[in-house]
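As C-alpha cells, the structure follows; a few thoughts come after it.
Chains: A, B, C and D, in written order; residue numbering restarts at 1 for each.
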Amino acid sequence: MSATRNEPPVDIDLAKAQGLAEDEYGQICDILGRVPTYTELGITSALWSEHCSYKSSKVYLREFPTEGEHVLQGPGENAGIVDIGDGWVAVFKMESHNHPSFIEPYQGAATGVGGILRDIFTMGARPVACLDALRFGDIDAPRMRYLIDGVVRGIGDYGNCVGIPTVGGETSFHSGYNENILVNAFALGLARRDRIFHARASGAGNPMLYAGSATGRDGIHGATMASEAFGSESESKRPTVQVGDPFAEKIVLEACLEVMRTDAAVAVQDMGAAGLTSSAFEMADRGGVGFRLNLDRVPLREPNLSPYEIMLSESQERMLLVAHRGRQEEVVKIFERWGLEVAEIGEITSDGRAQILAGGEEVASMPISPLAANAPMYRRPVAVPSDLAARQEPPEVPEPSDPGTVLERLLDTPELGCKSWIWRQYDHTVRTNTVIGPGGDAAVLVLKGSTGGLGLTSDVNPVYCSLDPATGGAQAVAEAVRNLACVGAKPVGLTDCLNFGNPENPEVSWQFREAVRGISAGCRAFDVPVISGNVSFYNETEGRSIPPTPTIAMVGVIADVRNLPAAHFTAVGDRVLLLGQDANEFGGSAYLRLLYGVEQGAPPKVDLEAESRLAGLLRFLVSDERIHTAHDLAEGGLGIALAEACVGGGLGVDLEIDCQPHQLFSETQARAIVAVAPNTAEQVMAEAEKRDVPVVDVGAVGGTALKLRCDGAVVNSEVEELHRIWSTALPRALEM
Amino acid sequence: MKCGVVVFPGSNCDHDVYHVLKHSLGQDVHFLWHGDSSVRDCELVVLPGGFSYGDYLRAGAMAVHSPIMAAVRQLADNGGRVLGVCNGFQILLEAGMLGGAMRRNQSLRFECRDAFLRVERSDLPFTSGYRSGQVLRMPIAHAEGCYIDTEEALDKLEHNGRVVFRYVDSEGGAAEGEQAAKWNVNGSARAIAGVCNEAGNVLGMMPHPERCADKLFGNDDGLAVLASAVGVAADLEGVLA
Amino acid sequence: MTVRARVTVYPRPEILDPQGKAIAGALGRLGFDRVLDVRAGKSFEIELAEGSGSVEEELGQISEKLLANTLIEDYSVELLESESA
Amino acid sequence: MTVRARVTVYPRPEILDPQGKAIAGALGRLGFDRVLDVRAGKSFEIELAEGSGSVEEELGQISEKLLANTLIEDYSVELLESESA
C-alpha cells in the first residue's frame, strides 16, 4: 500500500512523536510487512497506548482473582457481570476521568459519567445507579474551589439529565492531589440474565452501523503529534476538551436498549477512548473477524476531517453496532424514531483484517488479531521508595487535652465534614430504587418486584496506601466489605480504578505492584472477584506523583431491604455495642494528619480474618433484624463514628469507654458500632462472642448530647452543635 | 382508570410514575409517545419528570411543541385530568396551561432533597386524599423550580385558590424570614410548589409524589396525589396492602 | 445565500435576575469593583437560508415561539451579515 | 457617569454545542425550515462605574476570569452607551 493523499510520510520520528517506542514501531512494521500509513500509525499508537493496552499494568492485573460462582463476565469486556439471582444480573465498572477533569472540570467530569454509562448499556443493561469517587487537593490550592465546583456540577448535570441516580461515592482532600485531581465514576446496570449483550462482532457481510452524535475533531491526541508534518492549521482546530451532551446520551441509551430487545443487532460497542478505532478493532478482535469501513459515510460535525481524525476522534455519545444482514432497517428505524443520526459505515469481513477506505482510497489495511496479540507489555522496573522506611517510623501521638474539642475540630474539616453539599446536587432518588442514598455506609437499591436489593460502596484510603500500598490495597477491600456488611450486603464482585503516578518511575511501579498484591489478598480472603476495572497512570505533575489511589467499588446482594439498620442512632434507650478491639494505631490517621500535619507510621494492620468474622456477624445481625443501627469505624476512628451516628438522627448517647482519650481517634480496622434494643443486647453480644468478635456494651442512646467518659476525660458536646459544625464544614471551606 | 404517561425524549421519571400507577394502584396504564397526536381514551395523563430535550433552552420549552401536547390540551379542555410533575410542571407552564414561569433555583444549583409541603386545597381530584392544611414531606430534584409571575398575576392566582401546594417548614409554618431559603427550597414566589388551573383538573407541581409512594423508602406521603387522581379511595391503608 | 442573525434574550427588567446578581457579586469579590450591575441573558446565532419571507419576521416568530418566554423575557433581533454560498 | 457594555460568549466553532443542536432540531420540527444552524451562547450586560483604566481592558479581564471559559469559549466585548448619573 502506498502513502495516500497528502499525508505526512511515516518514519520512526513521527512514530515516536505519536508516543510509540522504537521497538513498538519495529513491531508494527513487522506485522504489516511494510511501513504503516499515516492513518495506520495513528491507529497503532492509539491501540498500543497505555490507556488502551494496559501495557504497564497487565502483568500485575493478572494476579487478581476474577472468577467466582456469580461471575458471568470478568475483565475484558466493556463491563463485568455478576449474577444476582432471580434471573437478574448486575453489570458494573468504574473508570477514571482525571486528566480531562483537571483541564476542564465541568466537561471532564461530565464526559466521565457519560463514558461509564455507555460501558454499561452496551452490555444490554439499563444503568440504574452511579457512584463517584473524588480526590481533591487542599481547598486553598490554586484553582481548587473552581475544580471542585466544576466537577460536582459536571457529574450532577450529566447524571441528572440522563436520569441515573448518583447514590453514593467518596470525597477526600489531600495536598498530593493539588495538581492532579481524581475523578472516578462508577455505574451499575441491571439486565435479565438471558438478555446480556456482548461486544463481539460476527458474521461476514453483516453491516456496521454508526449511531449517535456526529464526529468532530474532539480529543484527538494532538499534543503528541508532529505538528509541522501535518497541517498545523487543522491541528489548531482540534479541541482539547470534549463536551458532553447528556440529552444525546439519554436517547442513545433508550434507542440502544430498544435495539437490543429486537435481536436485530449482533454486537454493540460505544466509541470511548480512541473512538472508532478501539470500538471497531475490539469488537472484531473479540469475534475473530475482520471489517471494512468506509469513512466517507461517517456522519461529521464539521467538514474535511482526515481519515486519521475520523478514526481517532473521541467525540462523545457515539455507538458502533453490527446488525444482522437484512435486519439493519429495523435498527435504523429505532434510531430514527429517537431522532438520532444513523449510518451504515461498513461491514464485517471474514479475512481478519481492518480495511479502511476514504475518498475511494484504502487508507489502512491491517491484520487485527496480531495487533491485539502483539500489543506491548512491560514489566517495568520497581524500587522501594527511598523514604519509605523513614515514613513508616512510628509516629508520636499527642494526648488530646480535650477530646471534645478535638472531635469538633475534626468534624470541622472538609475531609470529615458532611458531603451533602456535593450529593444534594445529584439526583439520588430518580428511578425510585434508592432505599439508602448518600450519607450512610453503603447505598442500597431495591430490585423492583422483589424484596431483594443491592448494596454499593466505594472506598480507599490514599494516606494508608502511600505509607504501605499493599496494606492500603487490602484495607480498601476490607473497608468496602465492612461498609456493605453494615447494610447486610454480601459482596458479589468489585471493580477498581487504580490511580497512580508515572509507571516509568520505579517507585510508582512498586506502589502499583504492591497495591495489586494487597487487593488480591483481600479479594481472596473475602472471596470477592474483580470483574472489571481501569488503570489511570501518569497522574504526575513536575515529577510529583499522586498518592497511590486504588479506588475499590464493591457490590453486594441483600435478601431483604425492608428493615435495614440506619448508620445513625434511631431509638432512645438502645444499647450501643462496640465490635472489634482497638490496637492503638495512628499511622496515616486523620487525627495526626488533620490536626498535626503528620503522615507517619505504618497504617493500621489489616487482619482479613477478623474482618471476615466482623462482616459475617454484621450481615447476620442485619438479616435477623436485630439491630437498629450499624456503622463501621473508619477515618477518625470511634470518635468520628459516634459523632456521625449522633448527628445523623439528632440523638445523643451516654457512654463509658475503657480507653485513653487519644484512642478515641485510633484507626484500628475491623471495628463497628451497633445499637440494639435493650432486651436484645445480650443475645447480640452472645452472637458476637460465638463468632469470635470482641464486643463491649459501652452505654445507651438518649439525651441531646454526645456524652462519653474515658480514663478520666470527658466529652460532652451538644449534638445540635456537632451537627452544625459537621454539616457546614464543607460549604464553609468552599465559601459556597 | 385508564392512565397515560407521556414519554418525551429525555423524560426520566416516566417509569417511576408508571410503576406507582400500575403496581401500587392497580390502574390501566400506558405510555404515550411524544410524537403521538392522541391520548387515546386516557382519563388521566401524567407529564413526568426528567429533562425533555435536555432542558437545553429552558426547561420544558421544546417539549411543548410535541404533537402529543395538542391532545393533552384537548383532554384538559374536555375536563380530563392532567398532572405535570417537575419537568411536567415546567412543560405545562411553557404551554401556558397554568400561568407563570420557572426560573433557576435561587441557589443556582440543582437541589435534590426533601421539602415540606402544605396542602392548600383538598377539594381537587389530585388532593382529595389529603386534609386541607396537611403537611407532607416530599422529595424535590430540579435545577429550575423557582416559580415566578407578576405580583398581579400572583394575587389573582391566590385569590382564585389555585395554589395547591406551598413550601413550608417542617411544622407547617410559613417558609419566610431568615429561614426561608431552608424551607422554600428553590425560592419560589410565595413559596408556591404546585398550582392548578381554574377548573382544577390540571395540576402542576415540582415535588415528586411518585418518589414517596412506598413505605419502603421511608415515606409514602405522595401516594395520595396519584391515588386521588385515579379516584382510588382516600383510605390509603387499603391501597398499600 | 445565507443570512446570519443574532437573537438576544434577557429577563425582563422587572424580573429578578439571580444569576446576574451572583456574577456581579463574584466580580466584586474578584476585585472588579467598578462593576455596578450585571444582567445575564442568552444569545443565539442563527443561520438562515435565503427565502421568500422577511428574515426579521421569521426571527420574530422563532423568538416568540421558542427562544424566549415572553412572560418573563424580552428579546431583540439583529441581522449580522449575509454570505454567498 | 456609568458605562454599559455587553459581553457575548459563544462556544468556539469547533466545539460541540449541544444546546444549539437541540434548538436547531426543535426549530426544524416547528417548521422553520430555513434555519440551517444555531449556536447558543450567553450574553451579559454590565454596568461599570467610570474609572481610571480602560473599560475594554477591564471587560477583557472580567471575561477571561469569569464570564468565559476560554478553553472552549470565545467572547466579544461591545460598548453600549454611557449614561450620566
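Operating definition for what follows: a contact is a pair of C-beta atoms (placed from the backbone, for glycine too) under 8 Å apart; a residue touches a chain by one contact, two chains touch by 3 or more.
Everything quoted here is computed from the prediction, not taken from an experiment.
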*Spell out the chains that contact chain A while also contacting chain B.*
D
_Between A-D and B-D, the pair with more C-beta contacts_ = A-D
_Based only on mean CA positions, could you tell me how far chain C sits from chain D in angstrom?_
9
*Just how far, in Å, is the C-alpha centre of chain C from the one of chain A?*
41
*Centre distance in Å when chain A and chain D are each reduced to the mean of their C-alpha atoms*: 37
*For chain C, write out the residues touching at least two other chains, lowest number first.*
65-67
_Residues of chain A whose C-beta touches two or more other chains_ = 245-248, 339
*asked:* Can you pull out the residues of chain B that are in contact with at least two other chains?
replied: 53-54, 56-57, 62, 65
*Set of all touching chain pairs, with the criterion as stated earlier*: A-B, A-D, B-C, B-D, C-D
*asked:* Can you tell me which positions in chain D touch chain C when the two form their complex?
replied: 2, 8-10, 20, 23, 26-27, 30, 32, 34-49, 51, 58, 61-62, 65-67
_Parts of chain B lying in touch with chain C, wherever the complex brings them together_ = 57-58, 61-62, 65, 94, 100-101, 103-104, 106, 108, 148-150, 187
_Residue ranges of chain D in contact with chain A within the complex_ = 11-12, 14-18, 21-22, 25, 69, 71-72
*Given the complex with chain B, which residues does chain D contribute to the contact?*
18-19, 22-23, 26, 29-30, 40
*Name, in rising order, each residue of chain A that touches chain D in their complex.*
103-104, 107, 213, 216-218, 237-248, 301-302, 315-316, 339
